[in-house]
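Please find the structures below.
Presented sequentially are two complexes of chain A, the first with chain B as partner and the second with chain C.
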Partner chain A sequence: MKMPESGSLASEGAKVVLATSCDENHPPENIIDGRSETFWVSTGLFPQEFIISFPSPKTISTLHLDCYNVKRFLIERSTDTDPVDFKPLQDEKDLPVTDNQLMKEEVRVSNVQANHLRVSILSGHDHFVSIHRLHING
Partner chain B sequence: MTVGVEMCTKNINIPDSRDTVEMFIFDSAGKELFADVVQKYWDDPSLVMVVFDVTNEMSFKACDKWLGRVMSKNPHISCPGVLVGNKTDLEGRRVISEQTARQFAEANSLEYFECSASKMKNVEQPFYFLANAYHKLYKEKLEVMKSLA
Partner chain C sequence: MGTAAGRPPGTASRLATGMMQGSKAGGGVALQAQVRVADRPITREGLTMKTGMVRGPQRQVQDKTYFLGLLRGKINELNAEIIRLRKEVETITEDQSGYLSYEKRAESLASEIRDLQGELADYNTLVDKLNTDESINDIRMDCDELKVQNDRESKTLDTLFEAKKEKESLIRQLEIELQQEKSMTDTLVEHMDSDMRQKYLQLKDTNEHLLRQLENGQQQMDQLNVKKEMLEEELSVSPVKQEAVRLYEQLHELEEKRDQLLEETQSRGTPQQEREKLLKQVKEDNSEMASMEKQVKMLTDRIAGIQDEIRQLDINIEENQGERNQKYKDLKRREESMDDFLGSFEETKAQEMEKIEQLEANIVLILEHMSRNMARFTHLPTPGELESMKDDLAFKEGEMEKARATGTGLAGETAKLHQDLQKVEQLDTKISTELDSLKKKIVTMTSELETYSDIDKLKSDAGTKKQKLADDKVTLNKRHETFKKMLKEKTELYEKLKARLDDNETYAQLGNLEKKWQHHEQNNFVLKEFIATKTMESDYSVIAKKVSSMISSYNKVIQDQLLNKPSIA
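Showing the complex of A and B:
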């Protein structure tokens, strides 16, 4: 595996601690390596989810999610030491179909803190969805 | 007889790969009495297998309705599907010919199989077909995802 891009979540010590699919060629670490070329893919069925844990409390103002064929999704945060007791960052949201193009979704929140982030993909525009990059601006 | 839905899993290894397709099968009752109940389990179907009794015309006629019910769950996503004629061991009692069934399957973009569940004959084939079709779809989508950035 290549080194994560500088400034990426992985380079800051974040880790994907849970993912509901794992194709060894497209592992969940690809979500936080800062690159859009590498991705994590769901291998079938919904819902799917992944949890990212930060080494220290992270301030979030804008969240960028590059994905493909995601339809309904939900982002939640936890301020607990363990990845439990998640609270929604925003309401569940529907994304449109983008044919052969990455969907670049931006979620704005008012400077909240999080130790863990959970992204749930509740449905897709296809059997399989991919998450290419998750980036957070503090 | 199936009452409502019976859930089971089945792993199928894909030839010439290290991949396995794990199927979550919702074996759903065909009795109209359970129609509302069984459909509650069908969100986001990935694959469809419609099974009928080759000795029973009503059973064959109902396939169109059941197929429609599955496909209406997610009309924007196409599901690979198979039609399976069961009870081929009851030769003298057969009323649905292979040709009739095959025509219906082709008209609905389904692959057709025949089996005898009681004699355990040809039962695995439709499952292999579906698992391989799903795996192929996955590989195709991966290529699209790789080209996106």
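Showing the complex of A and C:
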């Protein structure tokens, strides 16, 4: 287990509190360790989702998502202390097919506060999808 | 007469006695006659004669009645004899007829005997076979085989007979055909137009005429040949005529030659012509030479044949001369052997001399050996020593036996040891592989030892692991909680949705419809199955196929028969 990169969500104390898939070799912690080489992989049917909880409310202005084969996804946030009562951060979004190239998606929002962040992958271009990195600029 | 009296006649004695009795002198002679037993032939007649002679002088008067009486007696005797002979003849004829019947019987008996002999021979063979341990089944099998063979042969005979009949019928048919052909030709001739017929008849006549001419010519030739042969024979008889023929021939040749030469001188033309002529002559000569060679060959062949004949004749002569030849041959053989002997005498002598030398050398050798042995004789051991030596020998033989046993034992042991060696070699390889693996293990263990020797590090590692596991536990617990919450949320959502759905009228309707559909599907399935079973039950396609194929085959057979029938008829 490598230590997370400095400046990553994991180093700030964020935790993945829910992930619908868990492969031993590619655990969900790989999403928030700040590296693009490590990834979380889905192991079943769609939809798949994961929830990241922050230790304190976090201001979000831009959100970077590096992934493969994701077709349609939705990002939601919650300001509650428990990861419930999620509200969508933006509309559902479709991503085009990239020929085995890492997708780098950027989502811009107008400085919202969030205690929890939920990413739902509603469908993929292939049977499985992988999420390599999630980075948030406050 | 005196001599006659002196020697009594053998036959017709009665008349003679009568005559003798008629003359007085005869009676005297008879009286004086000395009866010599030695002179008398030992027959009945002779003996009666003696009685007659004794009686003769007792009755002096010989009148007619006496002779009549004599004749009567003779006639009676003759009659008796005749009767006897007749009886004999009868018996003989009876015997004859009896003989015929006996012969027949003998024949029948002989045939019976033959049959019985055959049977006996069969039994004998059977007994032989039984004696030679052949089972009865074998014999039966043989018998069956023979029967089968006989059947086969009879069958072949039948077939041959049938073939013969067929051939005969064929011949008859062909004859009929021939007749038909003849009649056809006749009809053809009849149907010809007059010109053609005339021509045909003319040709036929000429054919017959020519055939007759040919026959005539042949006959003439035969006659001439006969005449020629006769004349040649005549010629060969007289040497003068032969000489004359020869001279005539010579003359003829010479005349021809002269004519030729004259012609040549006359027709001597250009060199070209000459050359051509010469060439022609050469050709002719060549052909003549070839013919002569042929003749020569023929003659040589004939010579060879004659030589063969001579050889044959020689053989015949040899056969005929037989004994003398044998003797001659013997002598010749002896001479040959003697010649051989004389010829090979020197060689044999040399061989013999050599042999003698060898033998001498051998004798010398043997003598030396003997002398040596004689010398040794003095050193012969005493009986006691011999005993001990024998014991020694026995002991040593025992030793040898033991040694041999040991040898075999050692051989077995070597085999065992070889096996052991192989096993050991196998073990060796195994051990080497094991050694390798152990070395590898040592390397790993040393490395592990290094890691394990550093207890502090291990402790820290364990601590970090523990920490990590604790962290994991925390995160996982959190996740568990989150999951629980999520589940709750989702169940709530589900419940809500379900309630809404249940409230929906269309859903209920749909459910009902679905149930109905299910029911219908089930019904459908059952009906389908029922139909399938019924179709299976009433499936006549297989039978139909079979029937159609059979019909087609029958049709084919019928067609074939119809096609073949005309050819058979």
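As a convention for this text, the second predicted complex is superposed on the first by the 138 of 138 C-alpha atoms of A that agree within 3 Å, B and C clash if a C-alpha of one lies under 4 Å from a C-alpha of the other, contacts with A are read in each partner's own complex, and residues count from 1 in each chain.
Here, contacts are C-beta pairs under 8 Å (C-beta built on N, C-alpha and C of every residue); 3 or more make two chains touch, one makes a residue touch a chain.
What you see is a predicted model, and the numbers here were worked out from it, not measured in a lab.
With both complexes brought onto chain A, simultaneous placement of chain B and chain C is permitted, the two fitting side by side without a clash. Contacts of A:Asp82 after superposition: chain C is touched, whereas chain B is not reached. After superposing the two complexes on chain A, the angle subtended at the C-alpha centre of chain A by the centres of chain B and chain C comes to 30 degrees, rounded to the nearest 10.
Of the two partner chains, chain B is the only one touched by A:Gly44; chain C is not. Judged by the touch definition given at the top, the superposed model places A:Val17 against chain C, while chain B stays out of reach. In the superposed model, A:Leu95 makes contact with neither chain B nor chain C. Shared-chain residue A:Val70: touches no atom of chain B or chain C.
A count of residues in chain A touched by chain B and by chain C gives the higher number to B.
Least inter-chain distance for chain B and chain C in the combined superposition, rounded to the nearest angstrom, is 6, based on C-alpha atoms. Common to the chain B and chain C interfaces on chain A is no residue. Interface residues of chain B facing chain A in the complex, by the touch rule stated above, are 21, 24, 43-44, 46, 76-77, 134, 137-138, 141-142, 144-149. Put simply, chain A touches chain B in their complex at residues 26, 35-37, 39, 41, 43-46, 68-69, 100-102, 123-128, 130, 132.
Chain C meets chain A in the complex at residues 468, 475, 478-479, 481-483, 485-486, 489. For chain A in complex with chain C, the touching residues are 1, 15-19, 51, 53, 82-84.
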